């Protein structure tokens, strides 16, 4: 009996050892990724990276100023397109949406969430690029904006529902109409959660490449207005990485570092903000 | 204020059976009874908060100064019939000043001087002014439990209701805070009609002028407080008061 | 200060005489209407996406019908389009990803839920969620310059030497290929499995675990007997969601899979996925039929991911 017990203890040790190994390996991969990108990217970062336009193919040097500006411009446009739909849709679901219609809206948001990002690019191509017969910032903004919707809906609904019923009732008992109670009491009570949800959403979408490949397309110069193709960091990284030029590979690492920093800082920042809120409650 | 033949449902479940009651102005009327007997549901019918719950329904008439409340806009009704809840819920992101001023601001009153005047008066009437007058911009949630409840009372008073409904306002508070609120109620009744729901019989005996006893959704007895507690008319009232159940 | 003087200005305004429940004033109706409008927009967008995909693939659907899904030839010049190599590539690379990611992800989740002290577990979970936040093009970049050379120089030659007698591991060591893509996908998908599974493991009632331990089981055995069966639906749901993610992944895959439309037995051979061909060929498509064929691939991908995600959500709902 003791031998079988020893065996079971051994199995226990091995099994948990393996799971610990998995954890170590996974974290190791994470730190490797962060470290490698930082090391290679940092070496290639320079002031000109942030300030210069890309040079013609084959000429070394140049930078990605237009791509950085492009990413920011696209996120800005996407936010204006996707967030109102997502947040107000979430408000509807939280305040008025216990019915069958609400179920279908939630399901539709899930469907949009499940659409692969490249397919979203096809959709934006079909409704913006084709009629306009050109690639444009608008098309890219539409593609990214639509991707913002599902998470905005879900997080808005969730955080609004967290506001206790007693607060809504206290507001109504004061003799104010329901819409004022929602707008001026309930939403501000949930505001921190809503903002962190929006930040996480924007952060996720800013790293997307596929939807931009045939909507915003790309541009080696500054893009003016909203109806011209525009460069973006993720697309530049892709283009440079698959090219045969070593100089472009270098720049791709630098761009990857910048993109990674952008995404990770907003992601971590949003999540830390969210935690602080829960503790304060 | 007068209730006539009130019946109320949650979905299919009948929780109030034919309640009729006349509430005298400028005095305290208490409603007592074991848990689940419909006391809270009843006062929520008085300011049309009952219908806010999905699936809830109400029949019967409630008259305020002779007017049927069902003919009024509920928003305006609730300005005249205010409510304080069991759990004190100051609005979380707002300061003490903003909390008290919330009802006024959202009804369109913007003038800073007028707001300050009303806030000060409401806090004084809620016996909270002296403790917070130097901290009006601090968050409402930073106060103690008893102070938060007085803040909620001030908030309700700021919109100048005629009637103040209180749903077990002290059940979440310690005895000292409870005593202060009971004192407060006795001063408030000079200016307001108060209806208070309580599961604490001694509290009802201390603060109220008239008391109603509810049991299983029915109004068993409604009379002068002294009469109810010394010579109750109905045997069930007597049983409850002497602690035989509930 | 007399009370009455403040009361009067506040109660100005007509007492609207209207019976009934629900939103009364204009404000309430406008507000609800606005929110409702946007809710409808969400529905409309979902429907429009499906419709546009359907409409803009019409030429290809009419030309090839169901044989589009079984055809192996992808010939833009000769205008013959069969999507089977891409479907094959998508399914195989995702399958490899899941085969690798599932044990890893669940293992990490078990470790975090059962073994690690609470604060360590929370910190690790926070870090692992970072893996999900890394943009896929960055994964692709690392894939091209780190994983592919390593595969070409070390792992693949070893696999060929050690297991080359199995058709799965034959062929030249390109570095790129199905296996490489599967591995990158696995890393990208692990955080989804881990986060969800850890949550489910942590929601197992303590009484269940204690019952197992009271029988004299070792810690691992209590996990096997109590935690895993209880969490089974949740874990499977997370696998479905991870699969949905892997199926739609574009950039990282196209950078390491070799982009050759072929169906090969070997894991070491280059391949192509639906998402990857869309990324690479969409802007090059010259004829209408070509574009429609590509969009039809998008439609197929859309349908598959909806199905997989839908199943995943259904399973997860059952657990709540």
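A, B and C are the chain letters, set down in written order, and residue numbers restart from 1 in every chain.
As a working rule, a residue touches a chain if its C-beta (ideal position, glycine included) is under 8 Å from a C-beta of that chain, and two chains touch if they have at least 3 such contacts.
Please read these numbers as outputs of a predicted model, since none were measured by experiment.
J.: Nearest chain to the global Cα centroid?
T.: It is chain A that sits nearest the middle.
J.: So which chain is the furthest away from chain C, centre to centre on CA atoms?
T.: Farthest from chain C by mean C-alpha position: B.
J.: Identify the chain pair joined by the greatest number of C-beta pairs in contact.
T.: Summing C-beta contacts for every pairing gives the maximum at A-C.
J.: So what's the Cα centroid distance for chain A and chain C, whole Å?
T.: It comes to 15 Å between the two C-alpha centres.
J.: As a quick test, compute the distance in whole Å between the mean CA positions of chain B and chain C.
T.: Computed from C-alpha means, the inter-chain centre distance equals 53 Å.
J.: Any idea how many Å lie between the Cα centroids of chain A and chain B?
T.: Their C-alpha centroids are separated by 48 Å.
J.: Residue numbers in chain B touching 2 or more other chains?
T.: In chain B, the residues touching two or more other chains are 75-76, 79-80, 107, 159.
J.: Touching two or more other chains, which residues of chain C qualify?
T.: 24-25 - these are the residues of chain C that touch more than one other chain.
J.: What are the residues of chain A that contact at least two other chains?
T.: In chain A, the residues touching two or more other chains are 177, 180.
J.: Chain A touches which residues of chain B in the complex?
T.: 47, 49, 52, 54, 75-80, 82-83, 85, 87, 89, 91-94, 102-103, 106-107, 152, 155-156, 159
J.: Under the touch definition given earlier, write down the residues of chain A that touch chain C in their complex.
T.: Going through chain A, the ones touching chain C are 8-9, 11-12, 15-16, 18-23, 25-27, 29-30, 33, 36-37, 84-86, 88-89, 91-93, 95-97, 101-102, 104-105, 108-123, 125-127, 146, 149, 153, 177-180, 182-183, 203-204, 207-210, 213-214, 217, 234, 237-238, 241-242, 249, 252-253, 256, 259-260, 263-264, 267-268, 271.
J.: Enumerate the contact residues on chain C facing chain A in the complex.
T.: Those in contact with chain A are residues 23-25, 27-28, 30-32, 34-39, 41-43, 45-49, 52-53, 56, 103-104, 107-108, 110-112, 114-116, 124, 126-131, 133-142, 144-146, 187, 190, 194, 218-221, 223, 244, 247-251, 255, 275, 278-279, 282-283, 294-295, 298, 301-302, 305-306, 309-310, 313.
J.: Applying the document's contact rule, which stretches of chain A touch chain B when the two form their complex?
T.: Contacts found on chain A: 98, 164, 166-167, 169-177, 180-181, 184-185, 188-189, 191.
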